[in-house]
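Notes to accompany the following structure.
Chains: A, B and C, in written order; residue numbering restarts at 1 for each.
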Amino acid sequence: MTDNGSSRRERGIQSYREVMTLDPPTRSDPTFNEGLLDFVFAEVWTRPGLSRRDRRFVTLACVAAADAVAPIEEHVYAALNSGDISYDELTEVILHFAVYCGWPKGSLFTQIASEQWERIHRERGTEVPPPTPIQPLSTAADPELRLQGGEEAFRVINETPSAPARDHPYYGAGILNFVFGEMWQRPGLGLRERRLVTVACVALDDTQIPIRSHVYASLKSGDISYAEMKEVSLQFAAYYGWPKASYLASVIEEINDQLTAG
Amino acid sequence: MTDNGSSRRERGIQSYREVMTLDPPTRSDPTFNEGLLDFVFAEVWTRPGLSRRDRRFVTLACVAAADAVAPIEEHVYAALNSGDISYDELTEVILHFAVYCGWPKGSLFTQIASEQWERIHRERGTEVPPPTPIQPLSTAADPELRLQGGEEAFRVINETPSAPARDHPYYGAGILNFVFGEMWQRPGLGLRERRLVTVACVALDDTQIPIRSHVYASLKSGDISYAEMKEVSLQFAAYYGWPKASYLASVIEEINDQLTAG
Amino acid sequence: MTDNGSSRRERGIQSYREVMTLDPPTRSDPTFNEGLLDFVFAEVWTRPGLSRRDRRFVTLACVAAADAVAPIEEHVYAALNSGDISYDELTEVILHFAVYCGWPKGSLFTQIASEQWERIHRERGTEVPPPTPIQPLSTAADPELRLQGGEEAFRVINETPSAPARDHPYYGAGILNFVFGEMWQRPGLGLRERRLVTVACVALDDTQIPIRSHVYASLKSGDISYAEMKEVSLQFAAYYGWPKASYLASVIEEINDQLTAG
């Protein structure tokens, strides 16, 4: 069979079914047909090099950041209904996302996660399991020990020899005390998964230094390979647009050159 | 009659009626009265140098990016109801916008476009025409020819002698294969209109290199003049705020200096 | 003298000098002249009803969110150089902003704050004072007490009878444990100032429920009056665009109606 237009549309529909766990709606607009089906589903989601599960972490961060209610609902449903991501993992993704993209956006994401989780159980005729009770913090309660733990986690996770000085509230009370002192160290979501969410978040926020530092740490640690990271940038481009992806793609090349030359 | 406050308000109300195709609501807050009527409608939309139709492309991209439901509804309605932009053009604007600002935001934009198109026909007592059938792609289906076409379109549209290497998925599978290999080459929306949407999208995304390259290509190609581009930046400032417009305005000056010095 | 164009421009220049603590640059584009000078400086910053200091909190959040380097530099410089906001207050603003709009954007904001603080001291020929050492947390270290403190602060600050359940990490580990358990309770920035920053952050993030809850709490507590809040919305419109301000303005009206009817 030749690779003509109709077979491409068929591949898009098939990919949509697999990813979204539903049949695509019948639509007549080019955004959906030529854009989403023919390109995003037929040609991005189907690529080897990054698993469907991994592509979901990037996509979830993008739809949540865009505040687009229907896409958040659809992708949350698909992530849970496919079994690719567990509900407890999703709730950690939301916390991680809220820290990187702000609590206001996390609020809608949380609400939609609960609603879609209920919808899935309703469709299956099963009971929604009781929520997992809040886990005791795995990190020190003592403020000084917590800061020290945050400094150590900052160095390890960022693959950097030094942590920032504590004397700026952004760093002392924020980054060291909470973001690295607690949040990144939480169980329930792997470091690789946290990196996928983070790379999407810093890329959509497009502040240059965090993009560089998280791409560097992801590649340097080996948690995400160079080939995978290039797929992350394509997935991100599809879900947050080419302008922001352009900088991410150029940083990936540059950091990879630097790491392979070193 | 002197140009005092009351005549300015009158000009704002008159401009609102012409642009929005409806009477303004009665409001008591300064955001609407002193801001939107006295400035945005009285003094931005009424400026010569960029047509009302052209200002709509910039504005539609801004309201869609801002996820503000009511402004999207109002500006989509006004664009269609005034006859300034046809429904088929609007659907191409949405596809172009979705590619530049991400599919999640395109989803709401699409939904609102359908709703407002129905509203207009309901108000007029006419039938919504059947959707325009999907057009055959004007570009090659063969993957290699499609990539080659994308490289050529990239060079022509960006006014640049070379296209990026294919070996990064962001470029090969994304930019060359789809964004320039198909999307920019679609009939149904002119190149000038695509540039207006794109400049607004890259400006609100505030990634530096895409802003520079699209302002450069728009001016260099002559599709948008320097005088028009300055109006684009003011229109953008009104709808996406001064901080981001400030960078766009400075890039326009710089690129114009470079082009006129050459 | 009549209120003609030149007196308005003069008012804009004078206002620019007072707000930005520098002479405006000479520019020829309408974004700067007809937009920023004639409207934003002549007609927004000069309005009574909200102090210049208060307008700065809204503006700083907007420019930081927009990632526009030059505007962040200019407004940080102006806030500090005018004496309207102290450096220690600014660092708390940055932490608060980072929590609401994400750490990546906070990183650039922090860096620029340090640079502009050094610039001011260099211009004055004075020494940059040593940074204020990190203060001991004023809140409980014990995880259970911290959560309880977060629940109490959530109720008081949000003017609501109940706090969210702890069993979702977004709420348990994030909102209750850190955002209300520590951040909002920090000394160094008043509750009114934190509300001004927060309203700007939730408005630019455009998620509906947080906008409503923070506008409600600000008005209900009396920390920000209805008349002041309307000025917040105009200031926000100038710095983040009308589409997002339009929703904020409509929520303010609705909540005020609800509170005055009660």
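As a convention for this text, contacts are C-beta pairs under 8 Å (C-beta built on N, C-alpha and C of every residue); 3 or more make two chains touch, one makes a residue touch a chain.
Everything numeric here is computed off the predicted structure, so don't read it as measured data.
Residue numbering shows that chain A and chain B use the same positions for less than half of their mutual interface.
Overlaying the C-alpha trace of chain B on that of chain C calls for a turn of 180°, given as a multiple of 5.
A separation of 29 Å divides the Cα centre of chain A from that of chain B. Of all residues in chain A, those that touch two or more other chains are 67, 206. Those residues of chain A that touch chain C in the shared complex are 67, 91-92, 94-95, 98-111, 114, 131-134, 136-137, 141-143, 146-147, 165-175, 177-179, 182-183, 186, 188, 201-202, 205-211.
The residues of chain C lying in touch with chain B in their complex are 2-4, 27, 29-32, 34-36, 38-40, 43-44, 47, 62-63, 66-72, 206, 230-231, 233-234, 237-250, 252-253.
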